[in-house]
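Chains here go by letter, A, B, C and D, matching the order in which they are written, and residues are numbered from 1 within each.
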Amino acid sequence: MSSVSFVLARLARDRSALVGLVLIALLVLCAVLAPLLATHPDDVFELHPAERLRAPSGAHWLGTDRMGADVYSRLLFGARITIIIGIIAVGASLAIGVPIGLVAGYYHGWPSDSLMRVSDIFLAVPQVVLAIAIAQTLGPSLPNVILALSVTYWPWFARVVYAETRALQKEVFVESTAALGASPWRLTVLHVLPNIASPIIVRASIGMGFTILTAAALGFLGLGPPPPTPEWGRTIAESREFLPDAWWYAAAPGLAIFLTVMGFNLLGDGLRDVLDPRLRRSRTAQDG
Amino acid sequence: MAELLAVRGLRVEFATDRGPAQVLDAINLDVGPGEVVGLVGESGCGKTTLARAILGVLPEGPARIRGGEVRFKGTDLLREDPATVNDRVRGRAITFIPQDPFTSFSPVFSVETQIMDLMKWKSPRATNGGPSPLLGRYPAARYRADREAVLATLRDVQIPEPARALRRLPHEFSGGQRQRLMIAMALLPRPDLIIADEPTTALDVTIQAQILKLLRALVKERGVSVLFTTHDLGTAHEICDRVVVMYAGQEMEAAPTEAFFGRPAHPYTRSLLASVPSAGGEIRDIPGEVPSLVAPPSGCRFHPRCEYATAECREVRPAPSMLAGGHGVRCHHPIVGADA
Amino acid sequence: MTPPLLELADLVRHFPLRNAFGHRVGWLRAVDGVSLAVHPGETLGLVGESGCGKSTLGKTVMGIYTPTAGDIRFAGREIGRLAKRERRAVAKDLQYVYQDPGASLDPRWKVGPLLHEPLRIHTRLSRAEREREVRAILAAVGLPDAHLDLYPHELSGGQQRRVGLARILTLRPRLVILDEPTSGLDVSVQASVLKLFRSLQETFALTYVFISHDLSVVRAMCARIAVMYLGKIVELGDTAAVFEKPRHPYTQSLLAAVPLIGARRISQDFRLEGEPPNPRDVPSGCRFRTRCPLAQARCAEEEPALRPLDGRTVACHFA
Amino acid sequence: MATIELTVVAMIVSVLVGIPLGVLSALWRNSLLDHTLRVVTVSGLAIASFWLGIMLQLLFAMRLGWTPLNGRLQGFPPQSITGFYLLDAALTWDWATFGTALQHLALPAATLAFPALATLVRFTRAGVLDVMQSNFVLYERAMGLPRPLIVWKYILRSALTSTVTQIGLLFGILLAGAVVTEAVFDWPGIGTYAVNSILRSDYNAVMGFTVWAGAIFIVVNLLVDVAQTLVDPRERTT
């Protein structure tokens, strides 16, 4: 598609999408360069009981935690976990949800209906609740968190793809290509899929934010990767008993979650504005 | 002639992704009392924009009025206080029949609610301004009188069982019936001018014939003026006393119906009439395409497609000139004296 | 006389009407027993108002809907009940043009691949052979080769329409169904489109079924015309004869309703009252009787069959 | 009952505040209010509710001392009529209890309502903007009907048809939020119970909670469907 640069150019003009892009770029940078950027890279696993709960200072930009570890350094390493969770969980949901949505959307009949019914059941229960149940059953660990999130998030993609495919089937170009004698395979993969890429991308961006938020909630409830993993949600849970004095301990990871999720949401909104032709059409003047 | 409505030099721009589109380029238009004027032209020529500009309901975001005046009974609506125009002119002296009777009713309120809301503020019995919005009460005596008027008008537009019809929801009516309701609502405030924007385009041909017949009979009986936009020349011939043709945001010719179809003086009018399919099966089109309004041709906007075009046409837009019998044309090389 | 290219025998297409719980509560009788023949090289007009079933008829012939009953014979072969794969192969000879052929272009494909696609589906031509064919067709619809590298949205509406037609013509079909091809067009554009249809018909020896609600267009384009009302043909014959002297009361009203430049004002003498009944609930006997000025008791009891009259066929007891 | 009281209060707050704000934001598009609301709503969907709860506790309970830190009430609960402390206190004319109950409720309800509020504002805004484009609004404007009538009667009513559907989804957000929020505020509801069960690894209790939540959610969606037919008369007759 020639439009990648076009999309980027338009995104750059949308102020909030730009903010989103910058936030995400920063997050990725932090995750990749965590060992370089961290002031105390060893603090993830080391204890410094002497330096417990120090307020932010030149040595510890965001203070220290209950183990005396540097909060700032742990946050950087936490970004890695966050990104891994987000990418794998959303990727897996895409891999499950998109084909299911496409098949159920293209073929009419009871197999499609029952596929969508299954995804409806998943959607009927709030994601956190379902993820709690799954993570609890499997035991707290990083792969289980990812598994729980993937299993609970794919129906969103299936829904979006299903709805878009059904809507697209009514489009003249799909119907006429079918009338031309095109096979279902040609029709779905070569015509339908490229045309529903935009809503999938938008959903994926928002899904990243959503998944990260849910992962943090699981961590907060003690269902995330076990200590001493520097997971952000767990860090907030740990900090609670030291409030209100060690406010930085709770504030910093929360802010990190907030900025990350915000980044993905802003990007998703911006992408929707740029990619959704329906919105774009409404902006051009109508004549008559 | 004492004009009821006189549009002079109206310029409207629309902001688009590719720059401002000059949708109306110094348009002139007159509507006399009791006259049915057809505004014809192909899609994109600006007839709907002109209708909306007169009503004062251009899209708020993209549209900009760049100049000109819309004089109605001597006052320029563009410079009058907007609140006064909304209170006293719109929906009272000038009413509106929309193009699409399917979507021009709110789907969630009964027809009665919608008509009586209109009457609450726009009934000829209402004092200026009507009750204050939302909380104002509808005086009981006036309500009864207005309701009687509504029922009578519904009978005039041949809605069967008006009292029962009122209680129904818009989607329970067919397209033709909804357009009858729209006509009733346009007549109820006893306006001087009705602006009808392609009111029969969405209808089937037998229904269209019924509606045209009804509309013409009612407005002639009541002496109401109508500005009727349409892209269908047959419809214009059917209902209008006078026809104005627009092309790419400029008005080209304005003439009494007979002269317009019988002795068109503008080359564009001639080509347009020639492209109507005839019984003989001969088909003539107009070479070229409608120009972009973002970078329109200079001078007369029809010149790139006109066989008579000269250097003058490219440079200067022709001034209006008057032929015999109230036949106006804006062309440097009008075709006079020959039958079409 | 050569055998007909397309022949419909008592073609029926009903749609089930379902209530909120998915139970069938009745049938929508969109096409309800239509027989007609289309001969090679001719243009048959199919006219009627919205809801009369003309588009459903076109789409059923095209295989977009399967027939409820009746036969569709194309070039002597029954095609209404073929298996999907075989039916798709018929598409090579029998094509359908949507109201706006421009809208039949995938917005994310360039013109070149779009024109190659039909050939890839139906032929085993090499890339070079396909390219030659595509360029020839593109020239036939009056577009330069340079357009092959453009996306549909980079073309004007008229050019998109030409590409849409070219896409269908690459297969060199024998019969083309044109479904409301001029609806919503301005007269000047309509004139160009009609001219194009005509020149293509000559160049490619096409047979057209021309579906339209616009009587003046049908009159200009078609040698024969079939008038439909609520799923049935009410009058079928030579266009000139039908327009000259319509015999079915519905045809008469339909012709009288068309506003014509220079003719008498219909607003003075148009008589037809009422609106067409809902096709979910078709009147007994003759379907037009509820609005017909000639209707008598017999019309409610007995459905009139098409009978020859005055050089055409008419379905009316009293015509 | 405690969970439902919390959820219902949060729902009422978000509906009463969110819908008008959404309408205003659409009417005054690109105004200061619209931009501010946009920032607030984007934050509302990005903020982790447990963190928001903790931060509110830190500020209002620990630093300022305006509200209690956690729990549902100090002292004895009012005579039980409905099980909703606020309602029971009001019914029994026990305004002191009503006051403390309200104080206890304030922070968790705010925490819970925030994301739901953000969703509602966004949705109402989009819905109103959508309806403003529709032909019947053009018609009413062209007929010179008073603007407040068009906005608050015709546009709002149409926009609400789609918002009602959202309330079902909203309930999901609230319920999900309740689990975590209750844990933060030690609110003696089913969420706290679920979290404690998780910590105790009480497998059956967690499963029970999941089933309960799913059931509630399905019931609410049913109610939404019913409400939909009430709001949109087209659904009734077709």
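One rule holds in what follows: a residue touches a chain if its C-beta (ideal position, glycine included) is under 8 Å from a C-beta of that chain, and two chains touch if they have at least 3 such contacts.
Computed from a prediction, not measured in an experiment: that's the story for all the values here.
On a Cα centroid basis, the chain most remote from chain C in this structure is D.
Across B-C and B-D, it is B-C that has more C-beta pairs touching. Averaging Cα coordinates per chain places chain B and chain C 33 Å apart.
The mean-CA centres of chain B and chain D are about 47 angstrom from one another, to the nearest whole unit. Each chain gets one centre point, the mean of its Cα atoms, and the points for chain A and chain D are 24 Å apart.
Remark: chain C and chain D have CA centroids separated by 54 Å (rounded to whole angstrom).
The multi-chain contact residues of chain B, meaning those touching 2 or more other chains, are 43. Across the assembly, chain C contributes no residue in contact with two or more other chains. Interface of chain A with chain D (complex): residues 16, 124-130, 132-133, 136-137, 209, 213, 216-217, 220-223, 233, 236-237, 239-240, 243-244, 247, 250-251, 253-254, 257-258, 261-262, 265-266, 269, 282.
Residues of chain A touching chain C in their complex: 1, 171-173, 175-183, 186, 191, 194-195, 277. By the touch criterion stated above, chain C contacts chain A in their complex at residues 62-64, 88-92, 95-96, 98-100, 103-109, 117-118, 121-122, 167-168, 171. Across the complex, chain A is touched by residues 38, 42-43, 45-52, 54-55, 57-58, 62-63, 133, 172-173, 175-176, 179-180, 183, 194-195, 198-199, 201, 203, 206-207, 209-210, 213-214, 217-218, 221 of chain D. Listing the residues of chain B that touch chain C in their complex gives 42-43, 174, 176-177, 204-210, 212-213, 216-217, 231-235, 237-239, 261-262, 271-273, 275-279, 281-286, 289.
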